[in-house]
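First chain written, first letter: the chains are A, B, C and D, and each begins at residue 1.
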Amino acid sequence: MKIHEYQARQIFRDYGIPVPDSVLCYTVSEVEKAARDMNRMVVVKAQVLAGGRGKAGGVKLARTVEDAVTAGKQILGMDIKGYTVEKVLVADAVNIAKEFYVGLINDRNTKSVILMASAEGGVEIEEVAKETPEKIIKFSINPLTGLLDYQARNVALELFGDIKLANKAASIFTKLYKLYVETDATLAEINPLVLTPENEVLAIDGKMNFDDNALYRQPKILAMREPDEDELQEIAANEKGLAYIKLDGNIGCMVNGAGLAMATMDMIQLYGGSPANFLDIGGSSNPQKVIDAMNILLGDKNVKAVMINIFGGITRCDDVAKGLIKALEIIITDVPIVVRLSGTNAAEGLELLKQTGLPTVSSMSEAAKKAIELSKR
Amino acid sequence: MKIHEYQARQIFRDYGIPVPDSVLCYTVSEVEKAARDMNRMVVVKAQVLAGGRGKAGGVKLARTVEDAVTAGKQILGMDIKGYTVEKVLVADAVNIAKEFYVGLINDRNTKSVILMASAEGGVEIEEVAKETPEKIIKFSINPLTGLLDYQARNVALELFGDIKLANKAASIFTKLYKLYVETDATLAEINPLVLTPENEVLAIDGKMNFDDNALYRQPKILAMREPDEDELQEIAANEKGLAYIKLDGNIGCMVNGAGLAMATMDMIQLYGGSPANFLDIGGSSNPQKVIDAMNILLGDKNVKAVMINIFGGITRCDDVAKGLIKALEIIITDVPIVVRLSGTNAAEGLELLKQTGLPTVSSMSEAAKKAIELSKR
Amino acid sequence: MSILVNKDTKLVVQGITGRDGKFHTGRMKEYGTNIVAGVSPGKAGESVDGIPVFNNVAAAVKATGANTSIIFVPAPYAADAILEASEAGVALVIAISEGVPVQDMIRVTPILKQNGTLLIGPNCPGLITPGEALIGILPAMIFKPGNIGFISRSGTLTYEVVNLLTLNDFGQTTCVGIGGDPVAGLYFIDLLERFENDPATKAVVLIGEIGGDAEEQAAQFIAEKMTKPVVAFIAGQTAPPGKRMGHAGAIISSGSGTAEEKIAAFNKAGVPVAKEPAEIPELLRRKMAELSK
Amino acid sequence: MSILVNKDTKLVVQGITGRDGKFHTGRMKEYGTNIVAGVSPGKAGESVDGIPVFNNVAAAVKATGANTSIIFVPAPYAADAILEASEAGVALVIAISEGVPVQDMIRVTPILKQNGTLLIGPNCPGLITPGEALIGILPAMIFKPGNIGFISRSGTLTYEVVNLLTLNDFGQTTCVGIGGDPVAGLYFIDLLERFENDPATKAVVLIGEIGGDAEEQAAQFIAEKMTKPVVAFIAGQTAPPGKRMGHAGAIISSGSGTAEEKIAAFNKAGVPVAKEPAEIPELLRRKMAELSK
């Protein structure tokens, strides 16, 4: 789960990480009031769940209230990578002497949280990582001890040189680690972490992602969720026991198992088609799931054909077939459907499906070819 | 540092451990109002920093408001092990089906926190430990993982038998461990932890001690400190860099180093005297410390003689002698004083002290004998 | 021969009285797996399918000598169950539970290492040594004994491919579903090493997917350390970046973890990558023929 | 011969630029201790008494091969400094800092164990191998080389007794102040074992105090494992229960940890316990004479 910058700033503040003052605004008049109240140079920042806001023109410096109003007018309502900007953050534009990067992320290889820090702040860290990896300090944190003070200080000292500044930065690192672990984050970035000419160390921009599997124990984080339309669909599907992700193609897929679902999408493409979605109905033969899944698939106007791909393991194909038959009694559609059944009791299942008149096949590739053919009619 | 039962209950509540309702009362009329508001059987409990309140008559059950008033009158103002009862807790007297014990304590041998639990609750756990040690479950907690859920459940299941009750108790154990670590406690006891006939599990009485060395990072705990008169003296001495504990004897001791101070007390007793205190002035030859220490010693009316015992290590005895001379210029007393100097530059120190006219010796035993002799004049 | 589990494996089932635990205990027992104990707190003394139930793993291990555990408890309690097994001295733990928070797994990892406990999963279908022991939720009838080692990050796709192998007469030594989570126990290289050292295994099929760089590491390991042929398949070539494909681990982040990168790594290591599952048996046949020349 | 430290010890001083650190570095160097490095974050490149200062212990170890550390940082940072030394590979850490929270030491303990780091202290005066290395705040001039091992929980009382030993011509192999805290590093039995194995040590003097049961354990260890004579003294016979006698560890709690119990344990183990410090040399003389018969 992702959150907005203004939400990340709030979490930082709650954990004692110094962040410049800011006000969230939904309208231009709110922007005007905020800029007037702050009474100094501000930065107006689009709040959308997408990276690269600066390049897209979603972040503007404003020296006067008038500038801020102009920026607010430009940014509110603009489109950034498919997201419409509905709110902006009007933030104190602090003076910057130097910009740094610090981030925490779960690392699959060391099976730990790693701290990444760089004196090259303010730019995309992925670019730094690709072009000058030696400029990134990486450090694996032992989960049993957490980020120790001396470790945070060592990294901070390497970045800041001066011990007083390093102690300020180290304190931010340890707080960031604490909030990372306590909120079940999967990413926590401060970019840039800035040093001001007054020798303050501040978090200017923040990005946080969270572990969906841990949201059950993170009510405060869950309350921050602001899903977009696609995500609302995904969440709704999830609540029905389905994993669904919308894509741009025209062949809807309904598959049992995530790996098989991915392989199904791949195969459609391999044979020249284009998948409309990822959809995993899991291990159940419950007709309701099939009905829910079909409703989601057919709700996508781009879908020209549906490929159902079931491999019976513990679940028997004849049970799945029965579920499908029940579902297809309720769902009325003219979108063509091809069904592939394989594995446990596949023959019995295919036999049962004859009554539906649906084209049935027993291999994935056949199903994909057939679905593509049907989608082109 | 110790706290009262009502304070321990508050900490328990803050961490989600179920505790019966209660009201702290300083007067009989407050007791009456509390009992009336509760409108059920209550227990009136003396709040003093001493064990064995029940045996001393400091805990009384009251079925009616009148009973509560009577109990309040009896308990408020009573003396328990030298403590005057200034406040009582009026607490909901829940029905008890069975009483248990659970406690956490720092263990020197395993260098860890140990959980102790017993189905023999409501009595002094030390008695159970002595008479039927097999009835206490002891469990060393790995500080790197904390008390794990399955460990708490195992212990709880052994005590309660039933898994539903065990889960309730296990949740209390893990909360108790969390608060223990987070507050830098050195002891946290729930005794009794009770099972009600309605299958609730509640903490009826609580005891907590805290690590003095950690109070600097425990402002909430420090704010709970309610020292008695002796402790006020100890705290005041501490703030002057002295470790002081009042005892019942008549020979005041002033020593550098805790071990040597204890050995000095022991030696006084060995030769038939009785020490009036433990007093460690630490490693400094600062005259102010000597003045402060002498003021504390002579503030005790029981003190009939003073034994100053200094072993010069890093600190040179001649420096200490100079400090003593300065101090003795300011302090005017007719209590006899004997000074022992040994170690680095002892000869020079003793020479300097000649001007004071104080009896000086170079061994501990001589000093002790002399002090005892002086105390008997 | 086989890796990790065989006839002598003594299995304890954690969460044996739950719906899934009970169901799969029956299936595993039916397959012939040597299940010696179950654990369900508060139900000591009961039995499931004739298997004695204990209050905790330590008691089960003490009474039965169990050396392997399978975990069916719900995700919020899974990490605790893994630690319980590890601290009770169980040598191999298979965690089926799906949806375990990543931080839980991160915290568990160093303790397992200290105790020398091997973990498979969480969020995995388990493993099978055909004809000897089924420890997991895999459908027994698609497997048959043979000389192919099999490792996969996904469930149903495993069944799809194993079914193809069996139909094409490629039996298996051991098949392991390592699970789809970003932080998991044994991973590709851990198992490749074991297959390399298992005399009965003649070739290995590896089913990867998008996300992380375990496949790239596997490719490097194969190039540097393996003598036995390996054939691979990667799912998720059409998955868009930033979207989680069902598995918590199947996500392309920051432009890495793509199928292209993984396929390139395998190709560089001389490992043929199937375009679709149906190609795998033929690729395997060719590779093994090459070797026997 | 000696235990733990000698001429070859390479010492790093953590907190070398602080008041105490600087002062005692001078004294230790004067005694001849082989101090190779100091640590003070942000002061890399400076030097104290000609000793190079580094930003962190890892850098100091890398540059100088330091294998022993002494810690003078304030109590709130002491546990972190101990871990820093341990993780940097330092084999023996002596923590002088007084007032370290017990929970900090509890958290540190298992990590030191994992890393195989030995700890003395915190809240201790350090240790000395007379004529070879002084690592701590002990007053150098009271010690002299000889064949007595010495262990004590307290500071000034150590000096009192060692002074008596030296005056009575009992020189020392190594003298260790283990510190007065309830949770500390090496304890009586750890050191008794090392003295038993040290060929140069002919007898041991042990100074205990009230609180805990380390003396009782020492008594049992002596009875079961030691061939060399031991003489003991226990401070705090007149201390009342429940009162902390200066040291956080010197407290009689719940009726245990009393001087009586400790003396009884030693007597049972055949260890004479001096009534006052001045008796110790005579008891030692008698014990050693017994042995040489």
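Criterion: a contact is a pair of C-beta atoms (placed from the backbone, for glycine too) under 8 Å apart; a residue touches a chain by one contact, two chains touch by 3 or more.
Every value quoted in this text rests on a predicted model; they were computed, and no experiment measured them.
When the interfaces B-D and A-D are ranked by how many C-beta pairs touch across them, B-D comes first. For the pair chain A and chain C, the distance between mean C-alpha positions equals 27 Å. One simple way to say how far apart two chains are is to compare their mean CA positions; for chain A and chain B this gives 54 Å. Taking each chain's centre as the average of its CA atoms, chain A and chain D sit 56 Å apart. Chain contacts: chain A has residues 144-145 touching two or more partner chains.
Touching two or more other chains at once are residues 107, 111 of chain D. Contact topology of the protein chains: irregular, matching none of line, ring, star or complete.
Interfaces, counted as pairs of touching chains, are A-B, A-C, A-D, B-C, B-D. Those residues of chain C that touch chain B in the shared complex are 41-43, 55-58, 77, 80-81, 83-84, 107, 111.
The part of chain A that touches chain C in the complex is made up of residues 106, 108-109, 111-113, 126, 142-144, 181, 184, 186, 211-214, 216-217, 243, 245, 247, 255-263, 265-270, 275, 278, 280, 311-314, 342-344, 363-365. Residues of chain D that touch chain B in their complex: 27, 75-76, 99-107, 109-111, 137-139, 141-142, 152-160, 163, 180, 182-183, 207, 209-210, 212-214, 217, 233, 235-240, 243-250, 254-255, 259, 275-278. Interface of chain A with chain B (complex): residues 144-145.
Here chain A touches chain D in the complex through residues 144-145, 148-150, 153-154, 157, 162-164, 166, going by the rule given at the top.
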